[in-house]
Amino acid sequence: MTFNIYDFTSFNRWIDESLNSIMSPTWALITEMAIIGIVFLLFYAVVGLFLVYAERKVCAFMQNRVGPNRVGPYGIFQTIADFIKLLMKELVYIKDSDKLLFNLAPYIIIIASFMALSAIPFAKGLHAIDFDIGILYVIAVSSLGVVGILLAGWSSNNKYSLIGAMRSGAQIVSYELSVGLSLLTIIVLAGTMQFSEIVEMQRNGWFIFKGHIPAIIAFIVFLIASTAETNRGPFDLAEAESELTAGFHTEYSGIKFAFFFLAEYMNMFLVASIAATVFWGGWMPFHVSGWAGFNTIMDYIPPLVWYFGKTAFIIWLMMLFKWTFPRLRIDQLLTLEWKYLLPINLVNILFMAFLVLMHWHF
Amino acid sequence: MKEIINLPVKDLEQEEYIVNMGPQHPSTHGVLRLVLSLQGEIVQSLKPHCGYIHRGIEKMFEKDTYPQVIHLTDRMDYLSAHINNHAVCLLVEKALEIEVPERVKYIRTIMDELTRIQSHQLWWSSFGMDLGGLTCFFYGLRDREMILDIWEETTGSRFLQSYNCPGGVMQDIHPNFQKKVHAFIKTFKKKIRDYDRILSGNVIFENRSQGVGVLSKEDAISYGVTGPSGRGSGWSCDVRKMEPYSMYSKVHFNEVLRYECDTYARYMVRMQEMHESMNIIEQLIDNIPAGDCSAKMKAVIKLPAGEYFQRVESARGELGMYVISDGNKTPYRMKVRTPSFSNLSALDHMSRGMKIADLVAIGASLDLVIPDIDR
Amino acid sequence: MNSFFKYFSDIFHGVKSLLIGMSVTGRYFFSPGQIVTQQYPENRKDLQMFERFKGEVILLHDANNQHSCNGCGICENNCPNGSIEIISTRVPGEDGKLKRIIDKHIYHLGMCTFCGLCVKNCPSSALAFGQEFEHAVFDRSKLNKVLNKPGSSIIKGVE
Amino acid sequence: MDNETLKARILELVPDAQQEENKQFLTLLVPSAKLHDLALKLKNSPELAFDFLFCLSGVDYVKQIAVVYHLSSTQHKHALVIKVKTDDRVNPNFDTVSDIWRTAEFHERETYDMFGVRFNNHPDLRRIFLDEDWKGYPLRKDYVDEVNIVEF
C-alpha cells in the first residue's frame, strides 16, 4: 500500500479492506466508526487547545502584549495547564437549578459542533462521511448548538443567564438565514451540495474568483453571519461580559465551562473550514486555468497545508473582528441582519443566478 | 399551583424583573450595586446602592492635620489624586492668605493636566472595554504608563502621589521632567489618532453611543452633573474658566462644549479635552520659572476660624472642598463635594427606557469612580 | 430615492470605518517590535527604580552602623496612620545629662500610605525612602519592621 | 448681582434671615420653616436663578445641627450660602429641596445617613452609605465607636 499525502482515498480503502479481511462486515463498520470517533475526539481536543492558545497569542500581539509565555517555550502548554486546572475545579451546583438540563446543555453544544465536523473534507478522500447534501447537513447540525445555549440559560436559575440565552436565541435564529442564503449563492454556482464535489469543481479556480462579485459579497456576508452564529465578538451578546458578566454560562464551572469554551472555538474552526471549503476551495491548491506549470508547482504543496492555511487565515480574520470592534446592541444586531444582510443576500442570489444563467462566471 | 395558573396574564407581564448589577460586576468599575428593574431588555428604573467602599474619610479628616488630610484625598478619586490634593492646598493657602511661588503654580498646573490626561486615558480604556472592544483597554493603559513613569520619577509614586503640600510641593521636579513630558506629548499625539481610528469613527461605536442616555442641559444643572459629562450637555461648567486657580487664568485653552447631550457628546468632550490638556502643558512646560518649590510654612498649620470653600475642576467634574475651621490644627468639619456622587444621581434619569447595553455605555460615559462616590 | 442612496452610503461608510479600525489592530499584530510588556521576574537584575521611588521608609545608616535619629518623635506625630512608633530611652551622656536615644524605631509597613510626611519633616534627615518594592510576605506581622539595625548608634553631634 | 443687592433681595423674601460672617460667599442663616419657600423663589425668580446646588452639607455644631446649601447661578454667576439650624438633636427635621434641585436627593440622603437629619417629603430617604441597621450617625461629634475609631 502506498501512503499518499495528496490523496487519502487509497489509504481509506486499505483500512477498510484490511478490517473486512479480519472480521465480519458489521464489526468492521463498528470498528471503523470507533476509529473515526477516537480520531475526531483527539482532533477536537488538539484543535480546541491550539485555537485557545492561538487566540490568546493573536489578541496579545494586537494589544501590544506578549501573551502567554510562562508555561513551556512561548507558553505553548498554557492551554493544557488551563485545561488541567479546569478539570480539577469543583463543579458548583446551583440551588433550584434544573439539574438534568443544566448537565445536559454542555453536551448538546459539544455534540452539535462534533457532528458538523464529520462532513468537512480535510483532503482528498479524508472525510468521515461524504453526504450528497453536505452543506444542508452542516447548516442543520451546527444550529443545534442554540438549543444547548437556551437550555444552559434557562436551567441555570440565573437572571443574567436567561437574558443571555434569550439574546442568543434571537441572534442565532436570525443569522441562520444569512448563513444559509450566502451558502446558497455558492450552491447556485456549483450546482451541488456535496462537499467533495464542491471542492473538485474549484480545481480550475476557487469559487471566490470564479463567481467574482456575488461570490465576494456572499463571502463577506457569510463571514459576518457565521461570526454572529458562533457567538463571537462583536456579536458575543450572549456572553457580553461587560453587561451580563458571562451570559448563558455564568453559573458553569470546571469541565462544564470548558465544554462551552471548547465548543465556541470548535464552532469557529467549523465555520472557518466551511468558508474555506466553499469559497476558497478547501484543500484544493491555488490554480489558475491555463498556467499549467504554476498549477503543477502548487500541486506539490500538500492539500492539508492548503486546507489548514486557509482555515487559519479565516480564523485570524474572525479574531481580528473580535479584538477590534465594540459589541453591538441587541436591536442593532437584528437590524444588521434583517435590514442589511438579508436583503443584500437575496439580491445577491438573484444576481448569482443571473450570472450562472448568462455564463458570466469564469 | 392552581393559584399560579389562575393569575391573570397581564399581571405576569407587568411583573418587574429585578436584576442586581453589582457589587461585583465588570462594568460598574468597582463595588457599585445597581438594582435594575427590567422589562425584557429595557431598564424601567434603577436604584444605585453605594457604600461598599465607604471608609468614612470625612470623619477621618476631623482628626487629621491639614498636611495629613492630603494623603486621604488621594484615595477618594484616585484617578485625579493630584487635583484632589491641589484643592486642599488651595483651600489652606486661601485661608492663610499665603501666596505660593510661581514655580509651584506652574508645577501644579502641569501635574493637574497630566492627571486629567491619564484619567481620560483610563476612562477611554474602560469605555472601550465596556462597549466590548477589549483592545482599547490595553492601548489606553499602554499610553498611560508614560505619565505614571513621569510621576514616579518626580514624586516617587505612580498613582497616589501626595505630591502637593500646603504652600507648595513636596519636592522640586526631577531634572528629566520637562524632557519626559515633551516626549510623552510627542508620542501621545500620534497614539491618540489610533484612539480615534479604532473607536471614535467606528460605525458600531457611533450607533452604540449616539442618542443614548440623553441628559438635557437643565437636567444636567439640576442633577449637578459637572465636568466633561456636564459639558457634553452644553453646560459651560469648567471651574478652570469660572474661577481660575493656579495658572489657568494665564494659559489659553478652550472649554470643550458639545450640545448633543448624549453618550457620544460626553465621549467627544473627553477626547477633545485630552488635546486641550496637552495644549495647556505645552504652553507651560518650557516656561517654568526658577524659584522655590514651596512657600515658607509654619510647622503647625492652623486655619483661622471660619468657613472656606474651594472648587477645582477634577477630571470628573467640579470638586468642592468645604472646611469649617474652629482655629485648631484639625478641621472642625470637612465636607467634600465629589463630582462622581452627583453624576451618579443622574444615572437613573438617563437610563430609563434604555437597554442594559445602553446602561453600561451611559455608566461608562459618566466616568464614575466608586471611591469618589463613597468616600 | 434619497433614502435609497442613504442606505448604500451607510453601508459604505460603515464598512470603511470598520476597515480603518481593523487596520489599527492589524498593524500592531504585524509589528511585535512595539510590544511594551516587561518580563518582570526575569528582568529583576537590571530593573532600576527611580531614585525618588517610595518603596518603604528606611532609617539611613552609614558604614559604621550609625544613624542620625535622636528619637524626637516628629515623624511619629506627623504620620497620619500611626505607622511609626518610637521607643526611646534616656541614658546619661558624656556630660552627665540625660540624653534620649532610640531603642526601637518601629515601622508598620502594612499601615503606611507613603505620604512622605515623615521623611519630609525629619529634622535630622535620618529617614529616607528605600527602593525595595517586593514586600509580599506570608504573615502580616512580618510587615512590622524595626528600622534601626541591631547594635546601631547615633552619629555624634546630631542630637 | 453683587453680594449687597443679593442680600437685599433675599432679605425682602425672608426678612428674618441673619447674615453670617464669611469672606467668600454671602452666607445667610434662614429659619428652617421658610427654607422650602425661599429655595423655590431662589430657583425660579429670573434675576436670582440659583439653579445649581453645588454642595449640600450637614454640620454638627454640638448644640445645633445645621444644613448648609451652597448655591450658584449658571446664568448670573453669583453664589450664595443658605444655612438652616435646629436645636433638636434627637430628631432634626428640615424640608427637602430635592424637588427643586434633583442633586439634593442624594446629598440629603447622605446628610441623613451621617447626621440623622430627616428631610420632610424626601422621595426616598434611606441610608446611602451605611447599612440599614447601622446605629448612630457617624459624623456627629458625639458619635462613639470604640472598635473602629482609634484615638492616637
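Note that the chains are named A, B, C and D in the order they appear, and that numbering of residues resets to 1 at the start of each chain.
Just so it is clear, contacts are C-beta pairs under 8 Å (C-beta built on N, C-alpha and C of every residue); 3 or more make two chains touch, one makes a residue touch a chain.
These numbers come from a predicted model, not from an experiment.
Touching chain B and chain D at once is no chain at all. Chain centre most remote from that of chain A: D (centre = mean of CA atoms).
The chain pair B-C and the chain pair A-C differ in C-beta contact count, and the higher one is B-C.
Chain B and chain C have Cα centroids separated by 24 Å. Distance between chain centres (mean CA atoms), chain C to chain D: 41 Å. Once the centre of each chain is set as its mean CA position, chain A and chain C turn out to be 51 Å apart. Chain A and chain D have centres, each the mean of its CA atoms, that are 63 Å apart. Under the contact definition stated at the top, the residues of chain D that touch 2 or more other chains are 152. Across the assembly, chain A contributes residues 62-65, 323-325 that each touch 2 or more other chains. Among the residues of chain C, those in touch with two or more other chains are 18, 21, 24-25, 36. Because contacts link the chains in a way that matches no line, ring, star or complete pattern, their graph is best described as other. Pairwise, the chains that make contact are A-B, A-C, B-C, B-D.
Taken in their complex, chain C has these residues touching chain B: 13-14, 17-18, 20-21, 23-25, 36, 50, 52-54, 78, 80, 113-117, 120, 129.
Across the complex, chain C meets chain A through its residues 11, 18, 21-22, 24-26, 28-29, 32, 34-37, 39. By the touch criterion given at the top, residues 64, 67-68, 70-72, 74-75, 135, 142, 145, 152-157, 160, 162, 165, 170-171, 174, 194, 197-199, 201-204, 206 of chain B touch chain C in their complex. On the chain B side of its complex with chain D, the touching residues are 50-51, 54, 56, 58-59, 63, 218-219, 221-224, 226, 235-237, 242, 306-309, 311, 318, 320, 322, 324, 333, 335, 337, 341-342, 344-346, 349, 374-375. The residues of chain B lying in touch with chain A in their complex are 17, 19, 25-27, 41, 128-139, 142, 198-199, 202, 204-205, 207-208, 355-358, 360.
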